[in-house]
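Here's the structure, in structure tokens; my notes come after.
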Amino acid sequence: MPIVHVNVWKGFGEEKAKLVMHNITQVFVDLGIPAMAVEVIVHEIPQSHWGIGGVPASELFGDVSP
Amino acid sequence: MPIVHVNVWKGFGEEKAKLVMHNITQVFVDLGIPAMAVEVIVHEIPQSHWGIGGVPASELFGDVSP
Amino acid sequence: MPIVHVNVWKGFGEEKAKLVMHNITQVFVDLGIPAMAVEVIVHEIPQSHWGIGGVPASELFGDVSP
Amino acid sequence: MPIVHVNVWKGFGEEKAKLVMHNITQVFVDLGIPAMAVEVIVHEIPQSHWGIGGVPASELFGDVSP
Amino acid sequence: MPIVHVNVWKGFGEEKAKLVMHNITQVFVDLGIPAMAVEVIVHEIPQSHWGIGGVPASELFGDVSP
Amino acid sequence: MPIVHVNVWKGFGEEKAKLVMHNITQVFVDLGIPAMAVEVIVHEIPQSHWGIGGVPASELFGDVSP
């Protein structure tokens, strides 16, 4: 039943996405929810399109990895 | 009035997106809602970033078309 | 696979929600996608919290049913 | 064209929602986009269901107004 | 940076929401992301408004707890 | 606290995204909310995947800039 939308910065990548999807699913499995009922979607957003305090993250943080 | 966000796998494509947007709009027209009031947005998500049961769809289903 | 978020006005109700969930699912079944792979979530939003042209729908449309 | 989803804490209220919908619409009008093309939806979320740093906002901030 | 939207059934409750927000935040902390950068929003959706296979979850599962 | 998801057409671009993120943040600052509490995410959607009245925006509007 849970449907989870995760927004992260572009460059997060398949490996971290896989880990996050697995571990978030586990959070619900620990509550007794069947794993196959959990869907997690990871949206990668360019830092230029993610504003914090009105400033693009690309300017706030430069080229740090996501 | 209805605003609909559809999430599908990457590769769904323009043709299927067009069909889905048309047919979902029709669902609301059948309820008496004017077509021009309906907006449908189709988000294509890489299978590597869509987890089912904690596993990326790219691993669960391989290279099936979306 | 498809996950669909539908936003409608508050008062849409269970009966119309049921119809919409069924018919939107059918849109994907017609494309060859298994019905059980489709999840549709209907979010009811108060007209006071839905702005069109910068004006709440509650003011634009008054007490029309959703 | 722009569709905007705003998430705020429960208790934000109709008056602030109206102001926010109007002023966000104006942001796009200033870019030359027709007001009637802009839709803004305000979702009110209980502070108990909004986690910052892993802690519910209701615990972090107590009973401050949203 | 991560912003997470979790959709669960109505009745999930504050206690489970708190646990989920904490544990999902921890998933990102384990990746080296500061806890305070993580926001998790839990949306509770009535089972009557959540369709699986075109049928409301309220009919599929009856009165099971979420 | 506010988390804002903005959906616009592909081609909106970094410059307009930056302006929109800044100005939407200002809408909340004017309400007394600290700028650093506001996050705005801009999603660019291909016009082929945005349906209005059941027709892709790419067909309705042709190659207008977003």
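Per-chain numbering from 1; labels A, B, C, D, E and F assigned in written order.
Note that in this section contacts are C-beta pairs under 8 Å (C-beta built on N, C-alpha and C of every residue); 3 or more make two chains touch, one makes a residue touch a chain.
Every value quoted in this text rests on a predicted model; they were computed, and no experiment measured them.
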To reach chain D from chain A by way of touching chains, what is the minimum number of steps?
2
Common contacts of chain B and chain D?
C, F
Which number of steps is the smallest that gets you from chain A over to chain E via touching chains?
1
Farthest chain from chain C, going by the mean of C-alpha atoms per chain?
A
Check the residue numbers that chain C and chain D use where they touch, and answer same if over half are used by both copies, otherwise different.
different
Look at interface A-E and say which pair in A-C, D-F or B-D is its repeat, using the rule that over half of the contact pairs are identical by residue number.
D-F
Where chain A and chain F are represented by their mean Cα positions, the distance between them in whole Å:
20
If you average the Cα atoms of chain B and of chain C to get two centres, how far apart are those centres in Å?
14
By the touch definition above, chain D meets two or more other chains at residues 3, 7, 23-24, 39, 41, 43, 50
What topology does the chain contact graph adopt: line, ring, star, complete, or other?
other
Strictly by the criterion at the top, what is the full list of touching chain pairs?
A-B, A-C, A-E, A-F, B-C, B-D, B-F, C-D, C-E, D-E, D-F, E-F
Please output the residues of chain D touching chain E within their complex, sorted ascending.
7, 43, 45, 48-56
In the complex with chain E, residue positions of chain F that touch it
3, 39, 41
Using the touch definition up top, name the residues of chain F that touch chain A in the complex.
14, 17-18, 21-26, 29, 35-36, 38-44
So, in the complex, the side of chain D touching chain F is made of residues 1-9, 16, 19-20, 23-24, 27-28, 30-31, 50, 57, 66
